[in-house]
Amino acid sequence: MLEASQDPRIKLLTYAELEEVKGYVGNFEVKIRKKARLIDETRCTGCGLCIERCPTFTSSEWDLGLGQRKAVYKPFPQAIPNVPVIDSEVCGHFTTGLCSVCEKICPVGAVDWNQRDEVIEERFGALVVATGFELFDPSLYGEYGAGRIKDVITGLHFERMVNPSGPTGGHLVRPSDFTEPRRVVFIQCVGSRDAERGVPYCSGICCMYTAKQVILLKEHIPEAEAVVFYMDIRAPAKGYEEFIRRAQEEYGAIYIRGRVGRIYEEDGKLIVQGTDTLSGQALELEADLVVLATGVVAPQEGDRIGQLLALARDDYGFFTELHPKLAPVETMSSGIYLAGCCQGPKDIPASVAQGSAAAGKVMALFSKDELESDPQVAQVKDLRCIGCFKCRDVCPYGAIEEKETPWKKMVARVVETVCGGCGLCTATCPTGAIQLQNFTDNQLLGEVESLCLGWRRESAA
Amino acid sequence: MSGMEERERRIVGFLCNWCSYGGADTAGVARLQQPTDLRILRVPCSGRVNPLLVVKAFLEGADGVLVSGCHPGDCHYVEGNYYARRRLELLKRFLPFMGIEPGRFEYTWVSSSEGQRWQKVATEFVEEIHRLGPFAGWEDEG
Amino acid sequence: MIDKLKEAVREHLEELELVIGYGEGYDPLHATPIFVRRPEEVDRLLWNPLCVYNLATYLYGLKGKKVGVVVKGCDSRSVLQLLNEGLISREEVFLFGLPCSGVLDLRKLAERVDVGRVEEVSWQEGKILVRTREKEETIPLEEVLQDRCLSCPYPTPLIYDVLLGDPLPPKGENEALLRQVKELEELTPPERLRYWKEELERCIRCYACRNACPLCVCQDWCAAEARDPHWISMRDGVKEKWMWQVLHALHLAGRCTGCGECERACPMGIPLLRIRMKINAELRELFDYEAGVKEGERPPLLTYQVSEPKIEEPKW
Amino acid sequence: MKFLKREDIPGLLGRLSERFRVYVPVKRAEVVLWRPWREGVQPALEHQGTEPPKAVLFPRSETLLRFGCERKEVQVEETIEAPPTVIFGSRPCDARGFLIYDRVFLDEGNPDPYYRARREATTIVTVLCLDPERTCFCSTVGGGPLDEEGSDLVLLPLEGGYLAKALTPKGEALLGDGAFVEASEGQLSEAERLRERAKMEPLLELDGIPERFNESFTSDLWERVSQKCISCGACTFLCPTCYCFNITDERTPEGAERLRNWDACMFYHYTLEASGHNPRPTKAERYRNRIGHKFSYYPSLYEGLFACCGCGRCIKSCPVSLDIREVLRELVSYGK
């Protein structure tokens, strides 16, 4: 991130949102909403005095509620750019109107109470969508007690705690009493592979991150015991199987194939009830901490992004690639590419690979002065076109533009590089002015006619 | 196959390139037996099938017409078959009013992996057309 | 109402390039569209049950000009539909709305009097008086109004700039129009084909049905007359005529407001409105849709829903 | 003079059908059409046909030739078909329509073999008009309700039947049928009385109309009179004198055929050129052409004869009630 922010040819806009996208490959016109930070980026030196002095605390989103942050804050220490943001929902200046501590303390006068969102317009040749993922909400599994029982946490909570800059300073503790856990139960497939209550697919990353957390646990608290409930171990990539074996054999994690049916609190302990499906035995374990490996789900925001960019989404909300095998990075919209989990669950190496591929696709696109496109695109006969624009109403690609003819008539024009070649326009056009090349009306009529005339000739003979 | 010993019927099938054409291919590769009455015309998408193409086939002497595309939601072109579904449904309800018996025109969805399903669709549709007999509506027309 | 209309036209004529209304036709039984440009022409305007024409038909051809047009309830639906499809713009039309209690079906009248030799027509409350050389007939209007008027759901224009007269309530149930479709639905499909072949055989392919239609905006570029695409051959067979009517019907699906101009315009008296009625009924059932009644509504075949509650899954 | 009793007509038509294709006006729904006579069909002789009988001699679509390719040889098949035909029950205006056709299709320099063959094989039996409709204006354009020109046999309606008069040998030949009996003195004098009553004065004087047309050519008159026209082909297709056609090829199971079809100058496509240019792009130019052809171009080619028979079908059948008589009125007073 730091490296990217320092590249003169990269403009990094954080705390910003896509507002509107028009145009097509090579010519996207994009409106971006830069949200108001209430701090003037051009002045702020990132000294952090304001954060230090701010008297207002609130729960930290970054730490998933395990810790607190100030009303003026940076989401995490390495955040780029190194400029804090004022949370006007909690900031005393807005809630009571009395506090102006940060404004007074700021040595460069960067606090700007009147700053407003700014909409900027930029032109781009290509777009890469990398909007990431969200984690499954484990409270939907009421029997696990997530959100209700303090010591039932998710893998991400675990990550925050073992992080040296995290809310516990890198110490793994039970959130209920801040004591070190002795026995930690990990439950995999929370939300994943459950068509009824979660999602039917395998999130693909939970086996590996659970194994990693098992190892982290043993390294932080060597005497702790790790018990993992799993459905199947899915570790197909390079070195993955060996990693799991290490967690089991070197670090002594106990892997139990089976599901947990219920977790409840008793005498400051957690009681985990489950089944070992290999032995067929019911189990009841005492635990100090339970870590849920929640699955990957598509971000809520995807709906809006999908509409803005005319991207298709699958049943689960992930963006659909152009072709599952042959074009896994491209989308239906020419010039728009996908990277990472917005396209489907994947781990870091796969995300990096897809990101690199998307970048490569963009480079390849930009390396040519002219675009090659499939000849199966629609074309408009200006004379026949009556300018009703029903083609534009139905085009899934937004490939139809208005054009004025030399005889001053508004007619449809197909942006060939954007046209996907489906022919919906041809089936819609009342006059037959717009014709999908290679599947024109007359070509199809010719096929029908030849077939039928042949039949009639045969039966006449 | 019962009732299909008589001479072949004239049946036109408009199949989308990405799903149903592939499905018919899959059926062929798997050597699933299919009636030979149905002649396939490949189109990019069921959304490309102007309902008038179906009408034209009847006009030129077809006994039955079938349109098959990707399952709704699986359209290669995202939404083509959604439009097709509306248009073809209307056509299906309208043709009998103009004098084409119900059953002579059908539309359905077959994915490229559904070879067996294609076999079932093709077989049952052809059987239905055999049951209806040749379309004699234009015989006095030449 | 005619005085109010004249007054309103006089008032707005200056801001308009022309006003399309009804005037006297070639005989006492015919009105005709007139184009008013100058104040002294305003007095030629006429309003009575002979004003059968849907003047919205002219609007698309006059795009770019600011045009006033006299509309009945049914005609206003055509205007609304043209607006909904973006084919005309609201700023360019000025609508003189007339609540209407029905217009004549001259073919029904022809069964009662010799319409070719009518000398005088006059009106009484709910009745028409027709005098020919031989006789005089008084006929209750109900008996000679168009079927669609007998059950008119929108006697008052749905969209207008000025409304000239008090709004009228929708007409109640009347079987006449529904019967047109039902009659055919009771036949078997081969019988229906025979019916259409018999009716369409006399079609002369003059395309009056198309050109009188306010929504048939393709006009000179209609696919029916094109070689590319070549949908219909130039042969005189009844199947070409049948194909044309199917093409016409499908191009109007979701756009037709049922104004009946196609049928009225047909010089051969081919019952075309029942085709429109059938498609409109199916669209109402499938998509709960009626053309030209809701502002901003998109024709159902130009949109879709991911799940279509009314469309059954295919049987295989 | 002979008399034909109304009740003897079916018998006559039956006998004629053995030798001829017999076309009669038939009422179907509320329109009157020209259809081949069949046993049981009641000819609607009391009505002017909704359509004229022109399709009998000049079909809406006719195959000029069929062609195909066999073993690299192009095969061409001629298709002239002209069986002996009787048109039974046309009106004087309808018969006059064929006279207008004759000058074009039987033109010595360039006769049309298809039309000529049919014309020669056809006998026209006309019913004279005693009670013209409000749209009739035959007497204005050179004809009249009792006009006998162009017919082979004319029938004058009388009580109980028709007084028949042959005008040509073809008509004479029909009179040989037993259905025609000698007319009585009373019938002859009644006929004279009716003839007197049926005379029809011209609506307006059309003298000088070709010149007025030329003067008005670039005026706004044409845009004005054609405003309400919706550019359909009802007027031309139902006109007994309109003969424009188009020729196209269509595929057949065996190969292809060349068709001649009615065309209408009111259609945009009629004059559309391959380049996309159209010399008559709007209905004003097209309507001007329709009037110009009938009242200026045609008369200048053929003895001052108007290519209009005043049947009034274009008025009656016009979807927007456009009245050609109004246009003629405007035109004769143009510039005055």
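Which chain is which? They are A, B, C and D, in the order written, and residues in each are numbered from 1.
Everything that follows uses one rule, which is that a contact is a pair of C-beta atoms (placed from the backbone, for glycine too) under 8 Å apart; a residue touches a chain by one contact, two chains touch by 3 or more.
Worth saying up front: this structure is predicted, and the values here are computed from it rather than measured.
Colleague: Quick one: how many steps at least from subunit B to subunit D, stepping chain to touching chain?
Modeller: Graph distance in the chain contact network comes out at 2.
Colleague: Count the C-beta contact pairs for B-C and for A-D, then tell me which is higher.
Modeller: Of B-C and A-D, more C-beta pairs in contact link B-C.
Colleague: For subunit B versus subunit C, what separation do you get between their C-alpha means, in angstrom?
Modeller: From the centre of subunit B to the centre of subunit C is 36 Å.
Colleague: Using CA atom averages as chain centres, what separation in Å is found between subunit A and subunit D?
Modeller: 76
Colleague: Nearest whole angstrom, what separates the Cα centre of subunit C from the Cα centre of subunit D?
Modeller: It comes to 30 Å between the two C-alpha centres.
Colleague: Let me have the rounded angstrom distance from the C-alpha centre of subunit A over to the C-alpha centre of subunit B, please.
Modeller: 40
Colleague: Show the residues in subunit A shared as contacts by 2 or more other chains, in ascending order.
Modeller: 383, 394, 428, 441, 445, 449, 453, 456
Colleague: Would you pick out the residues of subunit C that each touch at least 2 other chains?
Modeller: Each of 219, 231 in subunit C touches at least two other chains.
Colleague: Kindly provide every pair of chains that touch.
Modeller: Once each pair is checked, the touching ones are A-B, A-C, A-D, B-C, C-D.
Colleague: Spell out the residues on subunit D that touch subunit A in their complex, using ranges where they run on.
Modeller: 251-254, 276
Colleague: In the complex, go through subunit C and note every residue touching subunit B.
Modeller: 184-185, 189-197, 231, 237-239, 242-243, 245-247, 249-250, 253, 275, 278-279, 282-283, 286-287, 300-301, 304-306, 308, 311, 314-316
Colleague: With touch defined as at the start, can you tell me which subunit A residues reach subunit C in the complex?
Modeller: My answer: residues 383-384, 386, 388-390, 393-394, 428, 430-433, 435, 440-442, 445.
Colleague: If we count contacts the way the header does, which residues on subunit C are in touch with subunit D in the complex?
Modeller: Touching subunit D: residues 25-27, 30-35, 53, 57-58, 107, 110-111, 116-118, 199, 202, 204-208, 210-212, 219-220, 225, 227, 233-236, 261, 264-265, 267-269 of subunit C.
Colleague: Within their complex, state which residues of subunit B touch subunit A.
Modeller: 10, 12, 39, 41, 43-45, 47-50, 53, 56-57, 60-62, 73, 76-80, 83, 87
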